[in-house]
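All chains are identified by letter, namely A, B and C, in their written order; residue positions are counted from 1 within each chain.
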Amino acid sequence: MSTTATPATGKQTILSVESINTYYGDSHILKDLDLRVDRGETVALLGRNGGGKTTTLKSIVGWVPPRSGRVMFEGTNIAGREMMRNARAGVSLVPEERRIFTNLTVAENLKLAQITAARPGWSLDEVYAHFPRLQERSANKGDEISGGEKQMLAIARALVQDTKLLLLDEPTEGLAPLIVREVEAIIREIKSKGMTILLVEQNFYSALSVADRCYVIDQGQIRYEGTPDELRGNTDVLSRYLHV
Amino acid sequence: MKDWQFYALTALGLVLLPFVIHPIGGYPALATQILLLGIGAIGFNLLLGYAGLLSYGQAMFYGVGAYVALLTVSRFFPQVHSIWLGILLAVVFVGVMALLIGMLTVRLYGIYFALLTLAFAQMFFFIVFQWRSLTRGDDGLQGITAPPLTFGPWSLDLTQRLPDLNLGIFGNLHDVTYWYPFSAVVVLGVLAFVRTLTRSQYGEILAAIRENEERSTFVGFDSKSYRIAAFTIAGVLTGLSGALKGLFDTSIAVDSLDVETSGSFVIYAVVGGVKTLFGPLLGTAIIQYLQNVISGNQHFGEAWRLIEGVIFVAVIAFWPKGLLGSIPQPSEFAYQPRFRPSDSLPEAKPMTEGIILETKGLSKFFGAFGANSDIDFKVRAGELRAVIGPNGAGKTTFFNVLSGLRSASAGTIYFKGRDITRMPGPQRVASGIAKAFQTASIYPDESVFENVRLAALARVQGMFAPEFLRRSGRLQQVDDIAHDALEQLDLSNVATTRAGSLSHGDKKRLDIAVALATQPELLLLDEPVAGMSIDEIHKTDRLIRALAKRMTVLIIEHDMDLVMGISDSITVLHQGKVLAEGTPAEIRANRLVQEAYLGGHVADAVPSSAPPAAPHTEANP
Amino acid sequence: MSQLPGTLLDGLIRGLAYVGIALGLTIVFGMLRLVNFAHGAFYMIGAYVGLVVTEHLGLPLGLIAAPIAVAIFAVILDFALLRRFYDRNPTAQILITFGIAIVVQESLRLIFTGTTRSYAIPFWLKSSFNLGFTQYPTYRMIFALGIVVLIFAVWFFIERTNYGLIVRAGIRDRTMVQLLGGNVRQASTVIFALGGAIAGLVGAGASPIYNVDPNTGFYFLVPSFVVIVIGGLGSFWGAVAGGLLVGELQSLTTLISAPASDIVIYVAMAIVLMVRPSGLFGESELIRG
């Protein structure tokens, strides 16, 4: 259906974060953090609240620029570049709070994303085919839709753009279990179309069910890297950093 | 600066002023004018600098002060041959006026406050303009001779000149009238008063409210009263400025009430430096002097107001703290708290028996959205109760309604058997409910000790204490409570650190310590360990358990290990309603809870029969 | 009460002038969260540029030159000074724009002297128009129509164009617009220039009615702030409703007491602020302004 999807070919790195240090005011949040995402891969970044997961995503897109280190995206250092430029280069962050424009309708939210995109991604028809609920609610304002619909809209906003790297921050947070399954299914589907995804999750089980590889972050540093199966078997890491 | 240094240097400066401006084109009357207008600027600075309120209506106090003083000496009581009555009536009248207007305006902020004060000033302008029989409208009051300055039988005509004494390039003493020494004495008094005020307990609390109003309200200060007091004092000083200036000029024009006058006080204070003692006076001197020199110049005279505007814009853009404020100030972090054994600690309040907190049908709506609906909730005294639920379940809203940050839409809250549904936040703190915030709400620019001490001060002094003159001293009882709170949260070792530079975990514990220093019976903790490292969580876990032995604790927390480990009982909120309530074991086994909150995975993750995985030392109650 | 229809019409015209000025204030506040006390200065620059151009080239060109000149001035001001004040507190914004207002006003006073100046408008516009119940100056009728057109043009720009969509989204969440690749900074500049252009156009358009002197800017600025505070800071239709309300209120008060018309709006604003601080159409989240 989609023309933008290209299957993953070999191991080609699309994003490589190289020893970044990020601060909020005086607080040193990320400490020499490294991570890598290959094209077509879905990588989960796991860890407790306050460990630096969201800050990592914000550092990548330029929301909270790192004070040192490099963020290499498709071979270019994008650390400290404006959010707008990174977005137009194809790095799309779907933030934790969804940040739907509540004063705009669902259709306007999508239209805005189309207007601001450097190159088009999915067509509106494709979006509505995948998210029939959004079509039903297209005339509703952003504050008149449910949490699950907001999450779908937030993801759809990224898809109508030519997104090359999708950063999802806690996509299942605060959703009812049934809706969580729905969102997981959507992530799997996007993934199957070849999208590269960096996923931040507190919901360990949800994340492991979609990820190819995962990192565990704690106190601003990567503590563990492995496949979901390896992580499931590592009780030390699980209880130490994830408390499961 | 020590007291005697302050008085000596200020007095010296005031004595020299009329002479040092002589060689650069000033004259003695200009010096008097600077001092008299400076009083108004000093008053305005109290508002903008210390209370953080930008008033665009100071002209009403200035103008009304002048009218009342001049009318008193010319029409109301012409038979009284003393300047004091005019000044006194002006100050009293303006004081009452400022108090009333303050009560109506201080709950607004920013642009709203500026416009509302401007609106009141315009109304007074209109009244003065229209009340021709009294004020002579457009003509203003003119040619009113000020009565003499009197002390008992002794009296002095202020327009009289000082003895002849040639001072060379600094002019002649004979050029100076007695108005100048009189003004200088008044200004010295005003400066001493404002200096005392800003260092007083009142001034300290006013500054705290400016720095973090939310925190100040929830340690129990009635921020509105503190601001009304500041507004009134500022009004009185501006009224005094107007009264003296009117008497000095022997006239007042209705224009003195217009927005240009209000704006000029803003300019004086901002140029000189708000939040500094001498800044407003310096600003007045610079602007008045330049105005005098430039507007008299035949080439640039016309351009004076333009030059003034350019100076003002340049100062705001390049020296936002003003000329004096841009000079680095010595740090005030010198205070070393005395660590004493806390044996003189005031007795903890006896624990209430039975149900300490109860809500019946409590609801909170935001528009049509019910963040809390129909919550029935009971907590026994001494209990440690956790409130859990998915994001958006209404937990924080529930806490906000309990603490008084938000008002309930429906239902009732009982605390110690008393209906507190309509009680304002500070009063709830006084009656024993304290709150630690989800995002630590502290005074970042104060020391850790000072943060806690402010809360203890609220506990001891109550919601509003008009301690305008008492030096913000070290009340032993207050210090003891503060030290105790720091010790409880294990923060004594960082007592002198600037709070803003603490680590995330320490900030959160400081926030709890601040709440604790209000000596609550019920402590509300909103996600106390969110964002903490494992070690910090374990530490905080222990601290909360210790606190729970002394008071009732309500806690919102996402960390299930902590919640399951420390709670006596748990309430689960879901979509604004109570979904379940019970002991940790019951909640863990509850299918509804697993479905709604724990996402169905909990059964796999934590077998309900096993103890929690975290290394908690104490067994579940 | 035979003056009533004429008074109501005067109120309408005055109210529309306020709406015209308040529109720019309210969209600038809504989009940039900037409290712009220099907005009255924009009106004045428009009025004086319009005056000069009208004298030499006629009113139509004056009405074109005024908004362009003010838009250019606004962009320069934005880049040179105001940009650093976007994220400062409202107090700092009020102070800096208040200072700019003084500088502009006094510059204009030096250039054009303090005397009141009137526009040279074409003869046919000086005529009166018979409305049946009253004779009314033709120019005022055209001015009223022009403002109504302007209101809908601005509305169309904001509600119906792609650019307007970015602006509306930016009002709610600037960061998210940037995360989607939108150029918020450019949109801010455009909005600031647009706000200035509207003020300039209204300045040139209203001056044939109200004349112009260096104090006119402030004379219109304060009521315009009253208008948007009554209507709700940042609210589009609030500014329109507030403007008409204030215009009529002032006009009707002249029937009872002419001098009181200057003060009635302040009384109205004080009442609105004390009863409903967020204004008639406003959002309470803006109270802290």
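Rule of thumb we're sticking to: a residue touches a chain if its C-beta (ideal position, glycine included) is under 8 Å from a C-beta of that chain, and two chains touch if they have at least 3 such contacts.
Because the structure is predicted, anything quoted here is derived from the model rather than measured.
In terms of which chains touch, the assembly is arranged so that all chains touch all other chains. Once CA atoms are averaged chain by chain and compared with the all-protein CA average, the nearest chain turns out to be B. Measuring from the averaged C-alpha position of subunit B to that of subunit C gives a distance of 35 Å.
Taking the mean of the C-alpha atoms as each chain's centre, subunit A and subunit B sit 43 Å apart. Touching subunit C in their complex are the following residues of subunit B: 48, 52, 54, 104, 107-112, 114-116, 118-120, 122-123, 126, 129-130, 259, 263, 266, 270, 302-303, 305-306, 308-310, 312-313, 316-317, 320. Across the complex, subunit A is touched by residues 390-392, 500-501, 503-504, 530-534, 558-561, 595-596, 599-601, 604-606, 613-614 of subunit B.
Residue ranges on subunit A touching subunit C, taken from their complex, read 61, 63, 82-84, 87-88, 92-93, 95, 99, 101-104, 108, 111-113, 115-118, 157, 161. Within the complex formed with subunit A, the residues of subunit C that make contact are 162, 165-166, 168-169, 171-173, 175-184.
On subunit A, the positions that touch subunit B within their shared complex are 25-27, 49-50, 147, 173-177, 180, 203-206, 218-219, 239-240, 243-244.
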